[in-house]
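Shared chain: subunit A. Partners: subunit B in the first complex, subunit C in the second.
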Partner chain A sequence: MSTYLAKRGGVMIPTIIGIVTVVFLMVRALPGDPVVFLLGDEGAVGAEALEIMREQLGLTDSIPVQYVRYVAKTLTFDLGNSLLSGVPVVELLKNAIPITLAVAAASVVFSVLVAVPLGALAAYWRTQGKDSLDQGLTWFAIIADALPGFWIALVMLLVFSLHLGWFPVSGTIEWTDPWQVFTRLALPVVVLGIAQLASIARVTRTAVLDALQDDYVRTARSLGTPELTILFRHALRNSMLPVITVLGLSFGRLLGGTIITENVFSLPGMGTLLVQGISGRDYTVAQGVVLVYAFLFISVNLITDVLYTRIDPRVKLEA
Partner chain B sequence: MATAGIALRRSGAWVETVKDLRTSTAGRFFSNRSNQIAVLFIGPVVVLALIAQWLPIQEPLEINIVDRFQSPSLGHPFGTDGLGRDLLSRTLAGLRLSLWIGFAAAMIALTLGVIIGTMAGFMGRGVDRAISVVTDVMLSFPTLLLVIGVVAVMGPGVTQIIIAIAVADTPRAIRLQRSLAMGLRSRPYMDAARLASAPTRWILVRHVIPNTIAPMIVVATLYASNAIQAEAALSFLGLGIVPPEPSLGNLVADGRNYLQNAWWISTIPGLCIAIVAIGLHFLSDGVRDFLDPRQRS
Partner chain C sequence: MLATKFRSRNGPPNASSLNHGNMAHLMQSEKNTLLSVRDLSVEFHTARGVVKAVNSVSLDIKAGERLAIVGESGSGKSIMSMSLLQLVQYPGRITSGSAMLEGTDLLALKGKKLRAVRGSKVTMIFQDPMTSLNPVLRVSEQLIAPMRRHLHLGQREAKERGLKLLAQVGIPDAEGNFNNYPHELSGGMRQRVLIAMAMACSPRLLIADEPTTALDVTIQAQIIELLAKVSKEEGSSVLFVTHDMGLVARFADRVAVMYGGRIIESGPTDQMFENPHHPYTRGLLESIPSITGERPERLSQIEGTPPDLAFLPKGCSFADRCPLSDEVCIETQPASLTVASDHTAACHHSDVVASLGERRLFDAEN
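Showing the complex of A and B:
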């Protein structure tokens, strides 16, 4: 196991170097002079002020020097200060990351809790000759996939917050007040969950349908095991691998979804930070957020691979 | 209606018509159920979007402050926005832009994917390694994040968005084409061609690309759908198409502030995105059946 992890981690190193390089180059490739943007043009503040600022930001050095310095700083978790507010980017991220992670994780839990039983039942009923739930799921999948996330979010906001008044539209998140956290995060979690629900249910359904034809199911049946026990204990258990695959594969979409959902529900997470950073040309902030997103993404890919081997002993450990 | 159908089915003419339909290429395409659903969804949208400028409706940018916040009616089927602009006209303009972005981004990703993916599969280990390192790095960013990143660098605008989306899709296309091409390497006809000392370029053009293009076109349909969604998301976040030029995403964003009193501003353009996406979903299914030689009778 540990050698597998080491090998798999080793493969990630070039990717990590690549990510850091891309993020560094992204900001160098930006049009316009960040110093002029920050202070105003030369006529307004004078060439000297611009020069001092440039010096402070380390923009006077050559690109390779800047690159080495950037890598070194990143390795020590120093992502610079926000160009607009002067607050360290790490501080901003410290507040934003838990919100994004909470919403993302809760949405995964929500969608699995809803979709897996649905998919299993659809498969079970299909073997009984009733496929209306199955067809319903197919259409739900198509429609849920087609509707833009921000649209679903806005409609939810319109119905549940503005018309029914069940959930607050905005407000900060106090982690000490669980009820407040719940009401504030419920809608975003459901919106993000819907996007994953459909594909998880479809995959569960297909896998369970396969599993129901396996020998051990026939054996269990011949021993007089109740159908529901067969379905949920035997067939479903052996169908979790594809579900994990789908969760891993759709994690990128989930992260993309958090950017949009946070924006609609004005949650101060990483997505909001990113959009603010880009529209306010606060490059250090944008840079930091992109870096964290990319790291989260590849870490989850690694975790999915490892989970695989834990859940299915048949999967060989080959990096 | 039903009896007429049975009568028609009993007469030989019906069978002949169906045979004709099955044999002609267009007929074969449209006799597929997925393609029929696709045409049902996208057909009207495409036609309306293309002829919008000749329809007797207000110009997309024309402001008519007296008619602001009109709910959907005969005069304004999709209602009007806060400046009294006609939302049908703006939605159709946005749709045309979306269709163009979807088509262009998918074509770029498809072309680059086929060329670079084939190179990765056939130009030796070094080239393959180099290409896969670059695609791996690009795929370690969530798609929307990559698109946002590229747009942040290049600035907003239609061309920039097309490039950004194509950049995000291309690594996926490269990977798929590479694996398809690799799968062909051990086929007997490839050995035969190599034994006959056919030049590599000829083998690639004659054997490899024709045998990989069908699945690539199928995924390109999905790329087009994703591109439309990505543009909408970008413009919604205020990083894409800049108002007043209408795009489906910024129309939805524009209605956010009036959600409670003017629900139609945000909801209708959003539904249009869904209609196009559903249509493209069925189109990709239909195209897959259509291009699969095993489905041919």
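Showing the complex of A and C:
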């Protein structure tokens, strides 16, 4: 296992360099000039002022020079300073990452806790000839897939924050105050969770339905195992591989979802930071955020692979 | 006589060691009926119509007795035996019948009471050991669970008993295999584990549904011997489902032949082999290949296919394959009649079959 992890870690380095490169080029391909954003256009401040600023920021160097400098710095965890505020990007990320991670992780937990039992029960009842929950889930999936996430987010914000006033609309996150964290994160977590619910429930339902036909279920039943144990200990455990796979695959979409959701709910996470960085042509900030997103994505892939072995002893990891 | 010929040519030389002669091991409990099944019917409601997988089956098993259920695949053996533990799943449904075991009707049990019987008083092992154990749970967890549940053993006691059981069913390195996952064991070893699980609570009745069909021939014999050994040690009756007449001769005290979801003949093994009264039983016996190594003389073959259980004929369901069938067979279903002591057959022409002697009823294949 540890040699596997070492090898996988080794493979990650070229991947990360590739991502760093793509991010660098992408940000530079954005239309607009950051210096103009910073100081105003040429008519207002004069060409000279813009030129001085450019030089200070190292933007007068050729793209390859900028690239080499950027890669070298990145590898030492120096992501530069924000072009707009001058604050080190690493500092900005330090505040933003926990928020995004908390929202993403909580939404995964929320959707798994709701969708997996629902999917499992739908499958179980189906084997008993009752398929109303199964049909309900199908309808829910159709509707949930059709509604865009930002629309759900806006409706939730309108109803629960503005109309009912149950949750605050804005404000920073005080990690020392669990209740405040909860009220600030609850809505975004639910919004992101709903987007995942349908697919997780469907995959669980199909896999459990399969597993319930397996011979070992009959064996367990013939030995007097209670039905709930059969469903959750025997069938569900054997159905977790596809569920984990779907979770891993949909993690990218989940990260995308956090960007929109954070902005709707004014959460100062990475998504908000990214939008600020892009709209302000703040290259360094945008680069830094995308880099972290990419790193998270790779890590989740690795975690899912390792989880496979925890769940199914027949899976052997080979690098 | 033809009958002795059937018998002698199927069993390998050591067959008698397994069969203990004529129910010699039954001496004590010969009269006590353990399980009494009456009028058991199971149906599947499918898009094709109502599949009548089991039709009004009645049978008795005495304490310590080994009863074989034989018949072609699709004749309802598995469904019948699974229904005794209410293991038939939707869309299958037990539509009638009772199965009295020591004063309780197995078919009327529900919930907790049903689960208390499953795995303790009555247990079952299945055809395919490769898939009958849960791949993600260790052998130990699966073996211990029923003992903890039914015998209320603590973790340590259950483990001790589990290890003893593994040794008892002939698993080498019981300690090592105890903590293995099923995929680390061979098919034969897995069937041994499943037998250990089934015997863990000393059941009154062990149902074995083709326990050796999926195994290598060499291992088949070992598993059969093991089943004979453990059931004798625990005094358990065995309901043994098979389509292998050779195994029946070696293993069973009594035989019930199933065809089209019905038991069409049943009786003591010796009588069934010596003097079959149903043409289908007769056909099965005529088609046993020799396993003693001699060149088989000629084997008969029953032409045709088993009946479609969704569209059972009004008369005898064997009529379309039977050389003896006539108007009566096609029009009326034969009742199950006693043809000798403890021997019943459901055939309008059972007397003809019984008087066949050395003559063949079915054409031999080339």
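Things to note:
Just so it is clear, the second predicted complex is superposed on the first by the 299 of 319 C-alpha atoms of A that agree within 3 Å, B and C clash if a C-alpha of one lies under 4 Å from a C-alpha of the other, contacts with A are read in each partner's own complex, and residues count from 1 in each chain.
Keep in mind that, in the parts below, a contact is a pair of C-beta atoms (placed from the backbone, for glycine too) under 8 Å apart; a residue touches a chain by one contact, two chains touch by 3 or more.
This is a predicted model, so every value here is computed, not measured.
Model built by superposing both complexes on subunit A: subunit B and subunit C fit together without a clash. Look at A:E48: by the touch rule set out above, it reaches neither subunit B nor subunit C.
By the document's definition of touching, of the two partners only subunit C reaches A:I311; subunit B does not. If you count the residues of subunit A touched by subunit B and by subunit C, you find the higher number for B.
Once the two complexes are overlaid on the shared chain, A:V155 sits against subunit B while remaining clear of subunit C.
By the touch criterion defined above, A:T127 lies against subunit C but remains apart from subunit B after alignment on the C-alpha atoms of chain A. In the superposition on chain A, contact of A:R221 is made with subunit C only, not with subunit B. Applying the stated contact rule after C-alpha superposition, one finds that A:I278 touches subunit B and leaves subunit C untouched. Figure note: vertex subunit A, arms to subunit B and subunit C, all at CA centres after fitting on chain A; angle 80 degrees, rounded to a multiple of 10. Once both complexes are placed on a shared chain A, the shortest Cα to Cα gap between subunit B and subunit C comes to 20 Å. Of all residues in subunit A, those touching subunit B in their complex are 14-15, 18-19, 22, 26, 29-31, 142-143, 145-151, 154-155, 157-158, 162-163, 251-253, 255-256, 259-260, 263-264, 274-275, 278-279, 286, 290, 293-294, 297-298, 301. Within the complex, the subunit A residues that touch subunit C are 127-129, 214-216, 218-226, 234, 237-238, 311-314. Taken in their complex, subunit B has these residues touching subunit A: 133-134, 136-138, 140-145, 148-149, 152-155, 229, 232-233, 236-239, 249, 252, 255-256, 259-260, 263, 266-267, 270-271, 273-275, 277-278, 281. Considering their complex, residues 82, 85, 87, 89-91, 115-120, 123-124, 126, 128, 131-137, 145-146, 149-150, 181, 183, 194, 197-198 of subunit C touch subunit A.
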